[in-house]
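Note that chain A is present in both complexes that follow, paired respectively with chain B and with chain C.
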Partner chain A sequence: MTAEIGHFALILALVTAVVQGVPTLIGAQRRDALWMALAVPAALLQFLLIALAFAALTKAFVTSDFSVMTVAMNSHTAKPMLYKVAGVWGNHEGSMLLWVLVLSLFGAAIALFGRNLRPSLKVRVLAIQGLLGAGFLTFILFTSNPFARLFPVPIDGQDLNPLLQDPGLAFHPPLLYLGYVGLSTTFSFAVAALIEGRVDPAWARWVRPWTLASWAFLTAGIVLGSWWAYYELGWGGWWFWDPVENASFMPWLAATALLHSAIVSEKRDALKSWTVFLAIIAFAFSLLGTFLVRSGVLTSVHAFASDPTRGVFILALLIVTVGGAFAFYAWRGPALKSSGVFHPISREGGLVLNNFLLTAAAAAVLLGTLYPLILDVLNAGKISVGAPYFDSVFIPMMVPLIIAMGVGPMLNWKRGSLKTATYKLKWAALIAVLSGFGVWLAIDRASALAAFGMTLAAWLLLATLYELADRIHLFRSNPSESLRRLRRQPRARWGMTLAHGGLALLIAGMTASSAWKTEKIEAMAAGDTVTLAAYTLTFKGAEQVRGPNYMATRGTFEVQRGSTGTPFILHPEKRVYDVQGQTTEAAIQPTFLGDIYAVVGDTQDGGKTFVTRLYFNPLVPWMWTGALVMVLGGLISLSDRRHRVGAPVARRQPGSATPAPAE
Partner chain B sequence: MKRLLFFVPLIVLVVLGVYFAFGLQRDPQVLPSALIDQKVPEFDLAAIEGASQGLSNADLMGQVTLVNIFGSWCVACRIEHPFLMELKANNVIPIYGIDWREPNRQAGPAWLKKFGNPYTRIGDDPRSEGAIAFGVTGAPETFIVDKRGVIRHKFAGPITREIWERQLRPVVQKLRSDS
Partner chain C sequence: MKRKHQRMSLLGLAALAIAGAAALILTAFEDNIVFFHSPTDLVTKEFSPTQRLRVGGLVEQGSVQKQGDGVTVRFVVTDTAESVPILFKGILPDLFREGQGIVAEGTFRNGVFQASEVLAKHDETYMPREVADAIKATGQWKGDE
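The block that comes next holds the complex of A and B.
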């Protein structure tokens, strides 16, 4: 019965989404207040209905209702509760339901929190969200119904892929989707603005919090996925340039570019058509990612079961949605005139450079991801594009970006002086180069590239800190004045400082862990000892342990730093699940300088010796910390008062009165 | 002119859309090789450290053989390795190895020493000469070569018992019965 309620709620949600999208758009065109008034209640109702459907599916998973096909295919009675719930989105149908849930959540959020939006814009934004929802609900109902029944009812389910039975991955899809699908808001804002033919600083300010929220979620989602790959796949790697990873990375690059160009549009009334383009393309990349993952046109370790009908449907959705937006863009875009002019050497100039490099990087990732598909279609052979391509194309574009990230914030709006900025940053540059040289001398003379990476990280961190110090007049005024200025920094500035500083940590972690990873693959018996970096690892043997739905070979390592450090224990596991598959659970001990990472594998002679893989991954904890600091920066910037309801919007343009919505 | 610039995104999207539409009709898992039913191109690889014999195309004449591309750096090669050892132990078919792109001269021999050596002969392939001869896209990859030195089948990815029984063994049997 629950499944039928869910199914029915989805059908009603589709009807509501059409109501949210069609009459409202016509109403906005004719200035018909009655039709326009449908938008807000429809958006809220659509969210409630989809939430109801989602709750119904969750109940089916939690109570192990195997008469529902999705549950039977992806769950099992013996599965722990967390994974029963996470199982809801661990499959194609359920994850699409989560997709539309998040889409309608953002629609409802705009309906609730968009009170200071221009009414016509708000209605159009909600209408576009409604049309997007209608498209995806149709897709779900016709090709991927999560509530399809199964008869005869199986005794037990086929269980969730054990690789996915993991706390990191349980929360990865919801966060990722909040980011991915959150970008639908920027898309709707862009299309609505193109329909109105009006992009002004107020528009840029309204888009910004939605971009920030999506960006922060997307960053967190990508990092969580990367962290999962790091400890669950047992290779000690955290990024593989896999098509599915690229699918989430391209919207991230576009959203990052958008965050920066929207600043220029807001503060300087410039780069308008470019900002609108980024707002469209960011969501276009999200849709492209959905298409690539769901249709099976590319091979990937992550791909869902591929089904050509679904592929065709999503492709049609992608073409209609993005094609429609681009057609509007081609038609109305040229009319968007910018009033702000600026010299190339200026804050705006720096942000343009940032945008240029980020979009070029996104284009390079897009090319690398699609190249195998394009060659295949042209019958020019099957190839796979791997890390060497991405590393050699992506890194050279990031180098000037990071150098510019240090200088850009020091430049003035309109016209800055490169001379002043570089003069101020001379110490940061000098210390960064010296520390890079120190790394080269002390750690690794073989890899100049790694030393250069550390130089860049140091440069970005120092330049970001210097910029903050400069802004609060540290050592130039008396300490109490500096403290007062520090307190009065707007949160958006804090956001920038944290995000840029976090990136510096991230770069240091990525460089160090790629360049100086130490790895030992050994066949070990109880009592064997291995030295790894500064640590001694003693294998104490392995035993069989019973988990809720798996048997595990659980190894024990005693680890000691040097000969005097306090010893600690690591317990890596290799799990064989009752129903399907096996996983390796790495044991990781993070330390300030790096992770000690242990994996236990097969036994070769009936339980005496085991294949073990032991890694020391330098500065990996810096990477995760840096990423978290970036997310924090995004959230703090989001909490800036000018984004909040009732923030002084009208004051800046005394000419345009903002009438209260007729509600 | 500037107006035209605004059409670029739409045009790019349409072109990509056409590619996707065609791409949907293909299965990316199927990896045909341009070299199927062609003679193995000429190559001559040196022996790995500690071995006396290398590998050249001339070695692949006279009987049905497997040519396996591997490397100590390749995680998936570790997965198929026990099965290759089993083939070797049961004398099923001679396996010739191409040790592809080792980080140093010792890595390949050390790996084989640790996990066992299933190969009849091994060629050291630091510069991808052998890999190019076979049109390799990644490791592990396995080719079936017939008695006349013609490549007859290609499999990308680790060989498991199931894949051997279903895909590879039938080809080997058929080639053996052909004279």
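The block that comes next holds the complex of A and C.
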């Protein structure tokens, strides 16, 4: 019964989405208040209906109702509760349901929080959200119905892929979708603005919080996925330039660019047409990602659906949505005149450079991801484009970006002085170069490239901190004045400082872990010892342990730093699940300078000797910390009261420190 | 700063970024593309011993052997027409087993494929598409068609 309720709710949601999309758009064109009034209740109702359907599917998973095909294929009675719930989105049908749930959630959020939007714009934004929802609900109902019944009902299910039975991966899809699908809001805003032919600073101000929210969630989702790959796949790596990873990284690059260009559109009434273009592109990347993952066209480590009809359907949705948006763009775009004029050396100029580099990088990633597909379609050979391509294209594009990131925030709007900025930053640059040189001397395996990476990280961190110190007049005014200024910093500025500083930590972590990783592969018997960086690892043997739905070979390592450090224990596991599959659970001990990472493999002589894989991954904890700081920066910036102001506020009088009233 | 100048400098910057990106992409493509080959290709064609390649096929039943050092594995992949021995040092992926399709990346030297990476997909029913196509090419495919 529950499954039928869910199915009917989805059908009703589709009808509601059409009501949210079609009459409202006509009403907005004719200025018919009655028709326009449909948008808000329809958006809320659509969300409630999809939430009901989602709850129905969750109930089917939690109660192990194997008469529902999705549940039978992806769940099992013995599975722990967390994974029964996470199993709802650990499969194609359920994850698409989560997709539309998030889409309608954003629609409902605009309906609720968009009170200050211009009414015609709000109705049109909601209408576009409704049309997107209608497209994807049709897709679900006709090609991927999560409520399809199965007869005869199996006694037990086929279980969730054990690799997905993991807390990191339980929350990875919801966060990623909040980011991915969140970009639908900026897309709807862009298309609505194109329909109206009007993009003004107020529009950019409305778009910014939605971009920020999506960006923060997307960052968190990508990092969680990367973290999962790091400890679950047991290869000691955290990013593989896998097509599915790229699918989430391209929207991230576009969203980051959008985040920055929207600032210029809001503050300076410039780059408007470009901002609208980016808003469309960012969501186009999200849809492309959905297509790549859901259609199974790519041979990837974690694409789980491969059904041609689904692929064709999503491709059609992608073409209609993006093509339609670009048609509007071609028609209306030329009318978007920017009034703000600026010199290339200015804050705007810096942000433009940021945008060029980020979009060029996104294009390079896109090409590398799609190239094997294109060659395959043309029958021109089967190739794979791996990490070496992406490293050698992506990194050179990021170098000027990071250098500019230090200088850009120091430039004035409209016309800045590179001379003043570089003069102010001379110490930061000098210390950064010295620290890179120091690393090069101190580490005997240091390549010049890795040392340069550390220089960039130090430069970004120091320049970001200097910019903050400069803003609060640290050491230039008396301390109480500086403290007063520090407290008065708008949250959006804090967001920038944190996000840029977090990126500096991230770069340091990525550079160090790529350049100075120590790896040992050994066959070890109980009592054997291996030296890894500054640590000594003693293998104490392995035993069989029973888990809730698996048997594990659990290894024990005693680890000691030098000869005097406090010893600690690591327990890597190799799990064989009762129903299907096996997984490797790496044991990781994070320390300030890096992770000690141990994996236990198979035995060859009945449990005496085991293949082990041991890593010391330098500064990996910095990477995770840096990423978290970036997300935190996004959230703090999001909480800036100024974002919540609806209408454009007249420029504050110089000297007046009262924040603009919220709401 | 006139509007015209602004537009010109923006265009100049954009052209520079595009040219730079294109140059980077082209050089990277030249050096870093790895072609996929079936075991039949490896046996019948000539390859430089330093060229990075991918090979895929089914792991032959009974072919997996640990070498003397305890960590190097030797196994044979086949597309049912030809087969190639592969040497790999390290822990094989969780889903690696005999009879399963895999893809290995590395170099082909003196008739032995030295793999630096072995990929098996995170899905029990998975057969890498390249492997499926390679087997289809030999006419031995007994799959879904």
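One rule holds for everything that comes next: the second predicted complex is superposed on the first by the 641 of 663 C-alpha atoms of A that agree within 3 Å, B and C clash if a C-alpha of one lies under 4 Å from a C-alpha of the other, contacts with A are read in each partner's own complex, and residues count from 1 in each chain.
Throughout what follows, a residue touches a chain if its C-beta (ideal position, glycine included) is under 8 Å from a C-beta of that chain, and two chains touch if they have at least 3 such contacts.
The model shown is predicted, which means the values in this text are computed figures rather than measured ones.
Asks: For A:168 in the superposed arrangement: first (chain B), second (chain C), both or neither?
Replies: After superposition on chain A, A:168 lies in contact with neither partner.
Asks: First (chain B), second (chain C), both or neither: which does A:341 touch?
Replies: The answer is second: A:341 touches chain C but not chain B.
Asks: Based on the superposed arrangement, let me know which partner A:599 touches: chain B (first), chain C (second), both, or neither?
Replies: It touches chain C, and chain B stays clear.
Asks: Hey, is it chain B or chain C that touches more of chain A?
Replies: On the superposition, C touches more of the residues of chain A.
Asks: Between chain B (first) and chain C (second), which, if any, makes contact with A:523: first, second, both or neither?
Replies: So A:523 meets both chain B and chain C here.
Asks: According to the stated criteria, A:333 is in contact with first (chain B), second (chain C), both, or neither; which is it?
Replies: In the superposed model, A:333 contacts chain B only, not chain C.
Asks: Between chain B (first) and chain C (second), which, if any, makes contact with A:311: first, second, both or neither?
Replies: Once the two structures are laid over each other on A, A:311 reaches chain B alone.
Asks: One more residue to check, A:154. First (chain B), second (chain C), both or neither?
Replies: Touch status of A:154: no partner.
Asks: For A:547, decide between first (touching chain B), second (touching chain C), both and neither.
Replies: So A:547 meets neither chain B nor chain C here.
Asks: Do any residues of chain A touch both chain B and chain C, and if so, which are they?
Replies: 299, 381-384, 386, 521, 523
Asks: Can you tell me which positions in chain A touch chain C when the two form their complex?
Replies: 161, 163, 234, 299, 301-302, 304, 341-344, 352-353, 356-357, 360-361, 363-364, 367-368, 371, 381-386, 388-389, 392-393, 396-397, 415, 521-523, 574, 580-584, 599, 601-602, 604, 609, 611, 613
Asks: Along chain C, where are the residues that touch chain A in the complex?
Replies: 1-3, 6, 9-10, 13-14, 17-18, 20-21, 24-25, 27-29, 31-36, 54, 66, 69-71, 89-92, 94-95, 103, 105, 119, 121-124, 128-130, 133
Asks: So in the complex, which bits of chain B are touching chain A?
Replies: Listed in rising order, the residues are 2-3, 6-7, 9-10, 13-14, 16-17, 19-26, 28-29, 31-32, 34, 75, 114, 137-138.
Asks: Mind listing the chain A positions that touch chain B in their complex?
Replies: Of all residues in chain A, those touching chain B are 235, 273, 277, 280-281, 284, 291, 295-299, 308, 311-312, 315, 318-319, 322-323, 326-327, 329-330, 333-334, 370, 372-374, 376-377, 381-384, 386, 521, 523.
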